[in-house]
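Heads up, the next two complexes both have chain A, just with different partners, chain B and then chain C.
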Partner chain A sequence: MELTQFIQNVLNGVSIGSVYAIFALGYTLIFSILGIINFAHGAVFTLGAYFTYTLAVGQFGINGLLKNVDLFPNGSPLGSSVPGFVLALLIGSVLAGLVGVVIERLAFRPLRSRGADPLLALVSSLGVALVLVNLIQYLVGAEIYSFPADVYGNLKPALVLHVGEKLVVIRTVQIIIFVVSMIMLIILGYLISRTKIGKALRAVAENPGTSSLLGISVDRYVLYTFFLSGFLGGLAGTLVATSFGIAGPYFGVTYGLKGLAVIVLGGLGSIPGAVVGGIVIGLAEAFVPAEYSAYKEAVAFALLFVILLVRPQGLLGRALVQKV
Partner chain B sequence: MDFLQNYGFLIVTMIQQGLLGLSLYFPLMAGQLSLASPGFYALGGYIAAIMGTNAAFAPLRESLGSWIFPLEWLVAGVASAALGLIVGVPALRLRGIYLALATIAFVEILRVVALNLSVTGGAVGLFGVPQPFGFVDRWQYVWIFGPLLVLVLLFTARLERSRVGRAFRSLREDELAADAMGVPPTRYKVMAFVIGAVLAGIVGAMSAPFLNTWNARQGTFDASIAYLAYVLIGGSRNMWGPVLGGALLAALPEVLRPLQDWRLIINGLVLVVASLYLPQGLVGLFRRRRAAPLARPATQEVAK
Partner chain C sequence: MTALLEIDHLSVNYGAIQAVRDLSLRVEEGEVVTLIGANGAGKTTTLRAVSRLLRPREGSVRFAGRDVTRAAPDEVVRLGIAQSPEGRQVLARQSVEDNLELGAYVRGDRAGVQDDIRRMYERFPRLGERRHQLAGTLSGGEQQMLAIARALMSRPKLLLLDEPSLGLAPIIVLEIFNIIRELNEQGVTILLVEQNAKLAMNSSHRTYVLEAGQVTFSGASAELVSDERVLKAYLGG
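== the complex of A and B ==
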């Protein structure tokens, strides 16, 4: 493989991998606390993209509430649409986080408080996903929506690097996706490892019973977790949508499944694992040769299958010890 | 015969989905959450569709006549058993959610492969699958799905009372204890997985002519979850659960048809409500409550 092709693949892979990572962290946070996979996460991803689109560009009634928001009366250095878009992105992700909270209250908490079979949570969260996806379809139809090219303002659409004779092209969107994901990861890392909330979350993840005895309100921290998870999912959805458009209400399903591959690859419940898993799968997909590109969709699952067979605890997960 | 004309397709679909629910019930009997059934269902369907339409099988079709159909079921069953062994032996070392995720990956990989091979018709799929035994109406498929359901239920009832069935149940209750008592876990888990795979494969082979077409949409993650819902909502501790769950949930979209666009939304709500309020499944409603609360000590969850 030529050097330029190699560099190009690495850049493409790291960019999409970083968004896989923040999306998959939404699964990880919930799994580490409840030991349950929230199958509605893919639907939250989709919702996040629609929320942001509605606020920033929309034609679904709100008509781009924030389309012409101008925080800089003297003219923003990046272009007039950027502040509105950034605000829409934040509000859209917060709304996705609130949807996460609603999902916890409706589909998870009743089962948990009864001590029900965890498998039932799979079905109830899938029921929620079915409701959300079809609600979107009912409200806005199955059309494809694309963000306008200027949501990121008057930045150049792509960065072209000269390596020897050849060119390496990086789309601006890819850089933004990577940077936003990294910022999010740093904030999350800080939140989990340095703050009181993070400490409580880690305590609940370690042992909900004991944390509750020590005065930590488990239910409240579970709600925070679902909020964070939904926020990350919604943010990832918007980021992907600014790059590829919103392909309809089922847009999140593929990402939802790939996210599962990411968390298993990294190790279920491991936060660094989700990041490593995301990047590895992004890179693996980027390196699929063009003539086999039809099989690209299977790469994540092939990796999932292989890792489960050779190292079930994942790349960074703790070894599973069965207690008797 | 208007009734059969109008509802024949639905009735056969209800039986078919009940059978697919059962295919997931077998691994669950041994405590294994496998979502692989749609993969084997798709495999069986492709085998029947290819044997029914591919030019390479034309001489065989001519010489066998209607006997080609039982042969398709047989080939689908054998192929599913073989693939089930290949996938099952390594995958069943995994437990709980890991096995579920591995089988989701298996289904997705098969789907992408089917989308890209030429023998499976790629994204378009295969059309015009020949009808068995001169069937002209959809409802006539009752004559093949019905007997299969009866056979499978008889088999299951026998199995549950046999040594193998007791081994499955012991693995479900406590794998370590079963192992210590001389029940080899891997052998029985693989056996349960393969039984489910063979059933799904045969149902697939029967369904390709029923649907008249076969494509990669037949074996997807959505189907995995649908089958799981049949079992959990019908009741996962009794063979009637998956049959009942499959039949009712398959009929639900039809019953809700007057609601039009709200149909799938309500369908999702039913899943949520049923998993919240029917912990023992629908079958649990019909059973007397005695013994159940005593069967398991309440300290289970805390002790873990």
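== the complex of A and C ==
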């Protein structure tokens, strides 16, 4: 492989990998608190993209309940400028976070308070995922929606680097995705390791009973966790959508599965593991030659399979899972 | 004297098993009260019901004149009840200092919390030396001290201590009991659950003896410690 091709692949892989990482962290947070996988996370990813699209563009296609609706006849007050779009992205992600909170209250807490088997929570979250996806389809149809090319302002569409005789092309949106994901990771890392909320969150993850004895309300922290998880999912959904468009209500399904591959690869419940896993899977996909790009997803799972044969606990997982 | 803690006719079930039945006890302000009894007598269950980790089936718990039978677990801590649980239960994956900070979770005064952490390091110098170590790497005795220090960080009016001597070397056990006596002299009211009945009775004002979830004897520790029936059942003769 030529050097320029190699550099190109690494840049592509790191960019998409960083968004996989913040998306997968949404699974990790909930897993480390409750020990369950929230299968509705992929649907929240989709919803986040639709929320932001609604706020920034507000025009829907010819199917669904909202067909031909134009929410903003004079153009969205949010979408017409860069600060406006940033605001739309934030509000869209917050709404996705609130959906996470609703999912916890409706699909998880009732089961938990009755001491149900964690397997039931998994089935319940799968049900929520289906409901959300169908709700989207009912409202806005199955069309593909694309963000306007200038949502991030009138930037050059790509950055071209000269390496010797050859060119390496980085799309501007790839750089934005990477930067936003990194900012999110830094904020999250600070929140979890340095703040009182983060310490309490880790206490609840390690030992809910003891946390209660210290006056930490476990239910409240579970809600915080679902909000954070939903926020990350919605943000990731919008970021991916600004690059590739929203491919319909099932948009999040592939990413949902890929996110699962990321957390298992990195080590269940490990936050650094989710980041490393995201980047590794992003890179692996980027190195799939263009003529085989239809097999990209297969590569992620093949990689997962091989690594789990060697390290069953994942790349950064604890060898012995302790769950009190 | 006013009763700080009043438990009236408390019954607690674990599923179909009745762990505590019709139990009543009082802890006056400034006292050290001991609960002794065999394994499964309902001592830990009683403490867990007071801290609201368990839901009582019947009866009431009053703290400082206030009914806390249905209060949320965090509200109980806010009102001034802290517990150092059985098996210590330090947060193994966080540092000693973070454990102490989390002990003060319900408090809002940052400066006061930092002062108290410094005070804990003076009282427990070994915790000070290991402040940045993960709590899981401490020895059993150090973990017990951390669990007590952490409970004190909420500035409780009532400290519940569940088996503080469990699994510790005899010399450490004596140290722990010295700490308990000191804390009481400084005005902390203590409800103590102990396997080491003789030591517990020697360090407390009053004792309740539990059997199968019920109080069988109660009275001044100094008297019960020489009571034949108690001697026979719990002090090995």
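Simple rule for what comes next: the second predicted complex is superposed on the first by the 298 of 324 C-alpha atoms of A that agree within 3 Å, B and C clash if a C-alpha of one lies under 4 Å from a C-alpha of the other, contacts with A are read in each partner's own complex, and residues count from 1 in each chain.
Going forward, a contact is a pair of C-beta atoms (placed from the backbone, for glycine too) under 8 Å apart; a residue touches a chain by one contact, two chains touch by 3 or more.
Note that the structure is predicted; figures quoted are calculated from it, not measured.
Trainee: Touch check for A:210: first (chain B), second (chain C), both, or neither?
Mentor: second
Trainee: Who touches more of chain A, chain B or chain C?
Mentor: Touching more of chain A: B.
Trainee: Where does A:138 make contact in the superposed view: on chain B (first), on chain C (second), on both, or on neither?
Mentor: A:138 sits against chain B, while chain C stays out of touch.
Trainee: If we overlay the two complexes on their shared chain A, which of chain B and chain C does A:199 touch? Say first, second, both or neither.
Mentor: It touches chain C, and chain B stays clear.
Trainee: After lining up the shared chain so the two structures overlap, which partner does A:39 touch, if you call chain B first and chain C second: first, second, both or neither?
Mentor: It touches chain B, and chain C stays clear.
Trainee: Quick check on my understanding: which residues of chain A belong to both its chain B contact set and its chain C contact set?
Mentor: On chain A, the residues that contact chain B in one structure and chain C in the other are 209.
Trainee: Under the stated contact criterion, what part of chain C meets chain A in this complex?
Mentor: Contacts found on chain C: 51-53, 72-74, 76-78, 82-83, 85, 89, 91-94, 98, 101-103, 105-106, 150-151, 154.
Trainee: Show which residues of chain A lie in contact with chain B when the two form their complex.
Mentor: 37, 39, 106-107, 110-111, 114-117, 119-124, 126-132, 134-135, 137-138, 209, 253, 257, 260-261, 264, 268, 294-295, 297-298, 301-302, 304-305, 308-309, 312, 322-324
Trainee: Residue numbers of chain A touching chain C in their complex, please.
Mentor: 196, 199-200, 202-203, 206-207, 209-217
Trainee: Touching residues of chain B toward chain A in the complex: what are they?
Mentor: 33, 90-91, 93-94, 97-98, 100-102, 104-106, 108-109, 112-113, 115-116, 176, 221, 225, 228-229, 232-233, 236, 261-262, 264-265, 267-276, 279, 301-302, 304
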